[in-house]
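Labels run A, B and C following the written order; every chain starts at residue 1.
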Amino acid sequence: MDFIYQLINGLQVGSIYALVALGYTMVYGIAKLINFAHGDIIMVGAYIALLAVGSMNLNIWVALLVSVVFCVILGVLIERVAYKPLRNSSRMSALITAIGMSLFLENLFLLIFSSNKRPFPNSFSGVAFSIGDKPISFNTLLTITISLVLMFVLWFFVQKTKIGKAMRAVSEDTAAAQLMGININTTISVTFAIGSGLAAVASVFYSSTYPLVDPYMGVMLGLKAFIAAVLGGIGSIPGAILGGVIMGIAESLTKGYISSTLADAVVFGILILVLLFKPSGLLGKNVKEKV
Amino acid sequence: MRKNLRSYIINIIAVVVLFFILWGLMLAGIIDSYYSGILVTVGINIILAASLNLSTGFLGQLVLGHAGFMSVGAYAAALFTMNMPEGIPLMVRFLISLLVGGLVAAIFGIAIGIPALRLRGDYLAIITLGFAEIIRVVILNLGFTGGGQGLKNIPTPTDDTASYFAIVFWIMVLVLFVLYSFIRSRQGRAIKSIRDDEIAAESCGINTTYYKILGFTVSAFFAGIAGGLYAHYITILDPSNFGFMRSIEILVMVVLGGMGSFTGSILAATVLTALPEALRAFSDYRMLIYSLLLIVMMIFKPSGLLGTYEFSLTRLLDKLMKRVPKAKSKSKEG
Amino acid sequence: MALLKVRNLGITFGGLKALSDVRITVDQSQIVGLIGPNGAGKTTVFNLLTDVYSPTSGTITLDGENIVGQKTYLVTKSGIARTFQNIRLFKNMTVLENVMVGFDVHMKYSCLKGILRLPAYWREEAQYEQKARELLAVFGLEGKADTIASNLPYGQQRKLEIVRALATSPKLLLLDEPAAGMNDTETAELMETIRFVRDKFQIAILLIEHDMHLVMGICEKIIVLDYGSVIAKGTPEEIKNNEKVIAAYLGKGENE
């Protein structure tokens, strides 16, 4: 019974990782950039939701919407201002810029809100059902359900809509896609918008689960989600979901049965094992440099 | 040979003069112990930035875990000094411990480098970050490192900040000399060629795997030495001093100064260490400004302020003395 | 006498046969052309010869020594040097440094001697710098020694790539589309250079080229690839009149 309880908890955290990992994987697929600032978008989303609920007394669902809109705008803005000028420069420059953007967001929020951890209101309280004597909260159930719905919507969007197809085309071969008349700028903006929107949703559920908000909350969450994306095979949407779920469950089981202080080491250990033995990830494609 | 000898003499004189100016100011009390302390930190940061520049600027591999190597060196050196018999003079223990710190860090460099350097670019950055985090978590959970409480009571070879500065200064000079000579040797040339085009380097007969690991290891070695100097200066080690932010701070120095320029690393490490200390108001905004600098720099001058330019005192003197054509006799056009 | 012998060479990429049963022989000091329509697998042959990719089948011997399965840098040391279709210079290094990297295979001083700047360091550096300058002079690049490689005009970049390859003292030089992007005068000059290199250094040259004037002008033997297989080989005269070759080219509307 305890095992199933840990599994469900893992699934909940895993679906949050998956939502965030989708942002990493889509941006990487299309812009070939590890968007280091993606984790910090979650932090921003959490603060916006917190302000909306706490200071403006908005309903949590409205707050979620506000947070999503804000993060979408922020994500697109970041791409336009910081990443777009570097599209043709070296990968290292782009990555350093992304790190710079991440630090910028963290320190900006540190200056505005200080480093104090702020409590996030428990918005989805109540017990949905119990497994043995362990309660599964309404929050857990909601996180898993909404994540599943969003993943399905995303899958539909990428497979069936015109802009989704454009995204896949750009990810396969940017130059060819451009020759076919696909607007690269729009496609990249849409990708950042979707990724940031998903991150905002993740931020609300994450904050409801671990109800403390601080300027550095996105760092670890972002890294773990990134590792999930690498584990699944960066660039692959199903890979990000699979990677997220595996990470969540691995972490939950480590915390439950081994030691909670070692959970982070286990997570990085997974990353290192994957990169050593299958750098392309579970569902990724192996790409060799052309000579 | 003769020209090189001349260049050596000029540089040695310059370094000695610089040292005695600073040293004299300290003895005269014009530079008080607070500012001497800042200069100690500047020296340590110069070693860190120059060594990271080797792997990131010259070898072209983005490393996000340099603080990890520093921490390994710091703990190894501190534990060595603390556990060696008291009978051996402290100064001797201390100097050997720096070497031990460097070697342990180098071993970590090899152990991490062999698997990590098989990966390209972005992945290498992430994996070095991951290793540095694992090192930190492990130090936090080990008994003999003091864990989260920190490693306390590390003996310092001298309580006098000015004397410690003298030690740091000369070790820094030695490290810079070694790094500079290394990069100007055929090994250094091979390392630069890998940065520019790995496939072409391999097809020129360069064993790229070997040189990547070599560069990475040398870089880790000096980070370890810097760690040892740091440990014996602040006398207490806490794993949280070696987190991701520390690695980023060193990276900022390398990036701003110029990837592939030791001169740039020296300048950037000096300015970025001294400025927050000198301007208290600045220190609140320090990381915010660093982050903006990183972004702006990458967009407008990705190679850093100095690019791959190296300052040469000999060249400057020649210019001042209007001996430019002779100095450039290396290129036969002149 | 055969310098390079390639037998039954084949490679498969994800189930797709990129090359099959390729047979190439290059004699000492011979200039051989490798031609064929786009996508015929010419550059893949070069990548297999230098072990950038590992072949799925076949043997490659250089001077009687098997080189399949060796690391690329060891292949270079055993005597095959190459240039690339899209020039791959060390862009941020000087022209002289580029050539010195090529000479690295001959240099012996250890890392420690380099750092400590012991006599071996000064001696070898001076010796090979001298050789590098001489080699640059052969190609009229002596005045550019201290220029950053990426600042060279296109034609000189191509030349520098050849100089860098020659610095490794190859027995066989592989040139991947050396005339790409050159005008007629430059191409004519390049032909002279290639012949000169062969005569001066006594090495064999295997080259991929689309410029038929160049190929027919300097190659003593031509090998034609199509769809990953050798469809013809012979002297320029024989190739010109070979029906298979004409069909392969005409059928595809080759951009000669």
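Rule of thumb we're sticking to: contacts are C-beta pairs under 8 Å (C-beta built on N, C-alpha and C of every residue); 3 or more make two chains touch, one makes a residue touch a chain.
These figures come from a predicted structure and were not determined experimentally.
Among the other chains, the CA centroid farthest from that of chain C is the one of A. Among the chains in view, B has its Cα centre nearest the centre of the complete protein Cα set. We define each chain's centre as the mean of its Cα atoms; on that basis chain A and chain C are separated by 47 Å.
Rounded to whole angstrom, the centroid-to-centroid distance between chain A and chain B, based on C-alpha atoms, equals 35 Å. Here the CA centre of chain B is 40 Å from the CA centre of chain C. For chain A, residues that reach two or more other chains under the stated contact definition are 291. Annotation for chain C: residues touching 2 or more other chains are 52, 84. Touching two or more other chains at once are residues 199 of chain B.
Remark: chain A residues 34, 82, 85-86, 89-97, 99-104, 106-108, 110-111, 219, 223, 226-227, 230, 261-262, 264-265, 268-269, 271-272, 275-276, 279, 289, 291 touch chain B in the complex. The residues of chain B lying in touch with chain A in their complex are 60, 62, 64, 115-116, 118-123, 125-127, 129-131, 133-134, 137-138, 140-141, 199, 244, 248, 251, 255, 284-285, 287-288, 290-295, 298-299, 302.
The touching residues of chain C, counted against chain B in their complex, run 50, 52, 71-73, 76-77, 81-82, 84, 88-93, 97-98, 100-102, 104-105, 107, 109, 111, 114-117, 121-122, 124-125, 133, 142-143, 145-146, 164-165, 167-168. For chain B in complex with chain C, the residues that touch the partner chain are 1, 4, 178, 181-182, 184-190, 192-193, 195-197, 199-208, 214, 260, 308, 330-333.
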